[in-house]
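Below are two complexes that have chain A in common, paired first with chain B and then with chain C.
Up next, the complex of A and B:
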């Protein structure tokens, strides 16, 4: 019944309905149900390839391609459709013009930027008056995880205390980047719970980022607007390593490593 | 009278050809010995040289010993400028154009060799004719490759003399053999092409095929040598920390990233060659007026697309291996590559790779119209489209989003809670494996279009194939989700291997089962070559353009991750261009290169059919 009803709808209209249906469903699910809207830049890419997919599905046979093109052919070739054609030929350039106008219109909105989330680390860096080699640098307390679990737990707890005293204001008490200061910051503080942040990085990388903060970021992709403090000025070397233990322990992520 | 003389001439020619071939083979076989004599491949000698060099470096103060010179420390004055010429962009474009043509002319002989062998095995002359037409296209491109190679060398000598001198110092042996191999490759190619119709017959055909083998061996070795120079600039070896050459050529060649690049380029070249020849077939199909020509070029386009897809399927794995090795070699390069500034270009890369899969599949589905028997399978295509597009959307979803301030506030951070996890590699690996599996499924359906099985166990065989696909997909999802998100990074990276193996096993097993099910199958409607819509030919063009653009983009990234180094950590780039250009600028240069290359390719296509055109200039010549 439904199939017969659908087959009566012209192919072009059916294709358009599929595209609109997908768009509306995605918007309803992500914006309405989940409360996390799909950003416009991503939605544009998604919808472009949805349209490509629908076009492919409707035109891979000769009959399908003919059925898709039929209304367009009729519009251009059928003399009886002249008034409709004139309206369409007027509306299409007008719509294109309106779209271009709204896109080019200056606004008070800050321009979007392609932010580099993981700046490439240098091979060596200076902190606490000495030079560290990032290729060989390891967390000196990590070994206790196996060798002395009790001591390891104590170190993690110490790291937690240091975190709460110093870091949670921005990165949040749940390590999700939503601390009380976070709404005032742009870029917002990193969410350590996310699978794409500390779970992707080695502990040495975290040590470099924490110790040298925003001013220690490399020239690549400058200018940086990070408000991350230079923690070597406020914390001891050991304290940073303990905080790193806590970050991984609390989130359940494992630091990136090449070997077990 | 004429017959025996021609036969004697042919025999004489054959002897001459064999002599030349023997000489070439002897030269090729003698290479290791020659290189051994020069200390290139002899570990003992190389070791001696190495220790001697170290000793020289170690005793730099000794009056008798001259220290091995390190890498040059350049200043701005060491980079000559010519008014109105941007040296970096010029070298960039010329190198890229050379590489595009080189990839094409190295790849075509590989599958020409295989198609010729299939023709010999099946004794189907159509294969032989098609192989000849493939090589005909590449021969015009060959001279363009050489011209661009020369232009690249001169550009490097003029604009980057210190770097060129340093690389020459390190790679003098391999550069010498490169030139020698180029001579062998050229000789083999001309003999292979011009001797095609001459070397026909039971024995002569084997001789011809052997020349093809020599051609491919020389071409592939050439590429491996050039790869060594490029990868040395990324992961230098065989030199000390100051860049002084330690005297072991093999150590410099066999640097950390050499084999990953070799593998990646070898497979990619075949896919690329297939796509360019496919574009040629599409061009000829669209311009053909006779039905038999349309049928011929349709078949040629199908074969080329098959080659491109067959090589495209393992390509993401080779790419992943290369990226993982870059990361393993240097965390800095690895993060710059995929997490840092070049990450945004990887989004474009993902879009282009998805485009390759979509256009290759679309071509196959359109091709099902060649047989009326395919109508049975049309209803399945929309489900394949849904899966392919769904996987494609996951494949290009970025981890860090481009957000307006309003969106940033609405999301509460730069990451999307539900789409963010799709931005990291486990999701990408899962998506690409699914895309590959369903592309193989499109091919399986295409194969069945015009036939019905006659074996009694066909239904059971079919069920096994469905079960294989089902189990494979489940396993890929399990590996991607469990190991990708619930274990640590070691397993996350390692799980990509069983995912790949699952995909390959499912495809191989399904193909084997299919081959048995459809043995002695009944043809229900013939395949009518030439009965394919024009829009399918545009899908072939899209395949070639997307490949070209992709190679340009990824080539730039591979080179760009060196940042301000000519040779990473050894020789700093102190030219005025020692900056990473903006992404927009880089994309524009790559796009301009793509347009230039496609224009040259159209010129090559036009040239290849020019030979067949004849005009009768009435009244011009004395009668």
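Up next, the complex of A and C:
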């Protein structure tokens, strides 16, 4: 029954329906259900293969090929369809011309700059005139959280003072990366409240990122555009560790630790 | 609550907060007054969220305060700038405080807390901060009388404009064009420097530029500052309710929406012109060229850092011809800084320097992604710095050229050797400066060569000499793009015509050959 119905639709229209159906299904699944749209360039490539595949399937037999070509031949050869033919024959050159024109115009879109936001850290790095080993580096104040909670609270409070005097301009009072000057920056300042930032990192990683700043990033993280200052020029070593305590305390995140 | 009429991308986060607030709050004004806040709970929230700037004692002297302008509010005085109670009633409405805390204050370090604190949290904080000035039992007695709102119309705006300028009522401080170009030095009651609002930049209005909010400011004034009440019967400049609506409509109309910085605008498009380039700052030809506006932020990466800028945006236009290019930089600056000029010295902060502006280009246009460090380049990637200086009482304006490989390695060069020129003009709170240079570099190893169709990194810096901005204390941008639009000439059009002709010819041939045969089935 279904097959009978389908066979009444002209082959060319059927082929077109299959192509459109695949396109709509892919869009619906990736943009709608998965929430991850396929980039336009990738989609163009996929659809190219889909169209070639469909064309090959429909013209596999001689009969199939003739059925596909029939409506086009009819358009050209059937005198009754002449008005339709004239319109199609006018539109096709116009569309081809317009396509050529837009393709010939130079693209004025800014180049896309891809960069790694949390690049892999080096095993060691230099700051304050000495070398740090990231595998063994620990926050010297973290132990007071258990040993001396009162002292720990005081250290967090000191970290807060350092933060508000140095970091809030970009990372914000609320630690959400939206400080008063953040809108002028690209790449944007990190949002520490987000579960994808400091909650995923070790305190030693934060120390490395803060002490050496943008210029201390590896090449894949585009150090030339990061506006993170080199904080070893402005803060003492223990001040950075106190700020790190404050970042975790204010956001309620826990630093990541090595599995024991 | 009046909805914000104008929301710049700068405050998109705020807009989100506001939209969220509006959708979840049922008439905040009534709920605020209906439910009392708990000062004890508020004290805990205050200590965690507010004390770092406003101080544990509520005196506005927290550890963050020193580097903030405007300074955080001192709650011990019990005086609030943005309120809807009468000018002669010091007590604000709780709804006024609620709004400031929930939505924040654009152009200041005060963020909107609506996404982090619940309505009840905010009411608790309000109950607590009122205890700093013993306001907890005080109730406001006089409310702003809005009369009947006059809707904005060309007639109302024209009336407002006349009242704005009449006897320099508003123009005295806000400037003839509304750019806040003060002719006197303004201070608040605490002695801190204050700047009249630049009325053409509504995204910097602390409490929105909805005409109703502007009406409130005109009626109440801004307590503790030199912005007076224009409803005060003792004032010689007082206005009736209807007149205040006209002025509010006029002020709202000053918004320069074409100079709003937009995050998606990252490219300065440089247009080809035939014949001579516009080289005068006020050449009308500039208006026909597309403009791009960038946000400025203070310099925070090199010693000495700078935290309290006055310039916040810079607008760029550019054009080129067969041999040279011209770049117009335009930015609002409330003060013309002329060291040695007594009048300028009077308005400026001590140690006034010249007003300056600079453009940074890489010496070699990068082939791949890698650019010079945005802060004056690096050892392997030098930058060209073109700087214009506004001059002093005894020295005319000038242009300087330097090559830098980082903050410490700067080599001054003769601008004439590269053919670099710059001319600036100050008018009613705005600088306009035109730089020109030949497209080709006279020494290609030291100067950038401009080629069409290339995305060239570009960055900017500006100094307001009256705001203590000299040396490394200035505002700046990060890298953006500079693109000389390629002159494609007629090529695309000719190619399109050829393709269309070929398609048409093929169709005709096909149709003719089909006509020669008999259609199938008829044979």
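Going forward, the second predicted complex is superposed on the first by the 141 of 260 C-alpha atoms of A that agree within 3 Å, B and C clash if a C-alpha of one lies under 4 Å from a C-alpha of the other, contacts with A are read in each partner's own complex, and residues count from 1 in each chain.
One rule holds in what follows: a residue touches a chain if its C-beta (ideal position, glycine included) is under 8 Å from a C-beta of that chain, and two chains touch if they have at least 3 such contacts.
Not measured: the values here are computed from a predicted model.
In the superposition on chain A, A:135 contacts chain B only, with no contact to chain C. In the superposed model, A:24 makes contact with neither chain B nor chain C. Contact with chain B, but none with chain C, is seen for A:191 once the two complexes are overlaid on the shared chain. Within the superposed three-chain model, A:13 lies out of touch with both chain B and chain C [touch as defined at top].
Looking at the shared chain after the overlay, A:110 reaches both chain B and chain C.
In the superposition on chain A, A:154 makes contact with neither chain B nor chain C. In the superposed model, A:84 makes contact with neither chain B nor chain C.
By the touch criterion defined above, A:41 lies against chain B but remains apart from chain C after alignment on the C-alpha atoms of chain A.
Look at A:69: by the touch rule set out above, it reaches neither chain B nor chain C. In the superposition on chain A, the residues of chain A touched by chain B in one structure and by chain C in the other are 110, 113-114, 178, 183, 186. Chain B makes touch with chain A in their complex at residues 328, 330-333, 335-336, 339-341, 343-344, 351, 354, 358, 361-362, 365-366, 368-369, 378, 381-382, 385-386, 388-389, 392-393, 396-421, 423-424, 485, 487-490, 533, 535, 563, 569, 580, 583. Listed in rising order, the residues of chain A touching chain B in the complex are 30, 34, 36-42, 45-46, 49-50, 52-54, 56-57, 59-62, 65, 109-110, 112-123, 134-135, 176-178, 183, 186-188, 191, 194-196, 199-200, 202, 205, 220-221, 253-260. If you check the complex, the residues on chain C that touch chain A are 9-10, 13, 49, 52-53, 62-64, 66-67, 107-111, 113, 115-116, 261, 263, 266-267, 269, 294-298, 300-301, 303, 305, 307, 369-374, 378, 381, 453, 455, 477-479, 481, 483, 485-486, 488, 491-493, 495-497, 499-501, 503-504, 507-508, 510-511, 514, 517, 519-520. On chain A, the positions that touch chain C within their shared complex are 73, 76-79, 85, 89, 92-94, 96-101, 104-106, 108, 110-111, 113-114, 160-161, 163-165, 168-170, 172-174, 178-181, 183-186, 213-215, 219, 222-225, 227, 229-230, 233-234.
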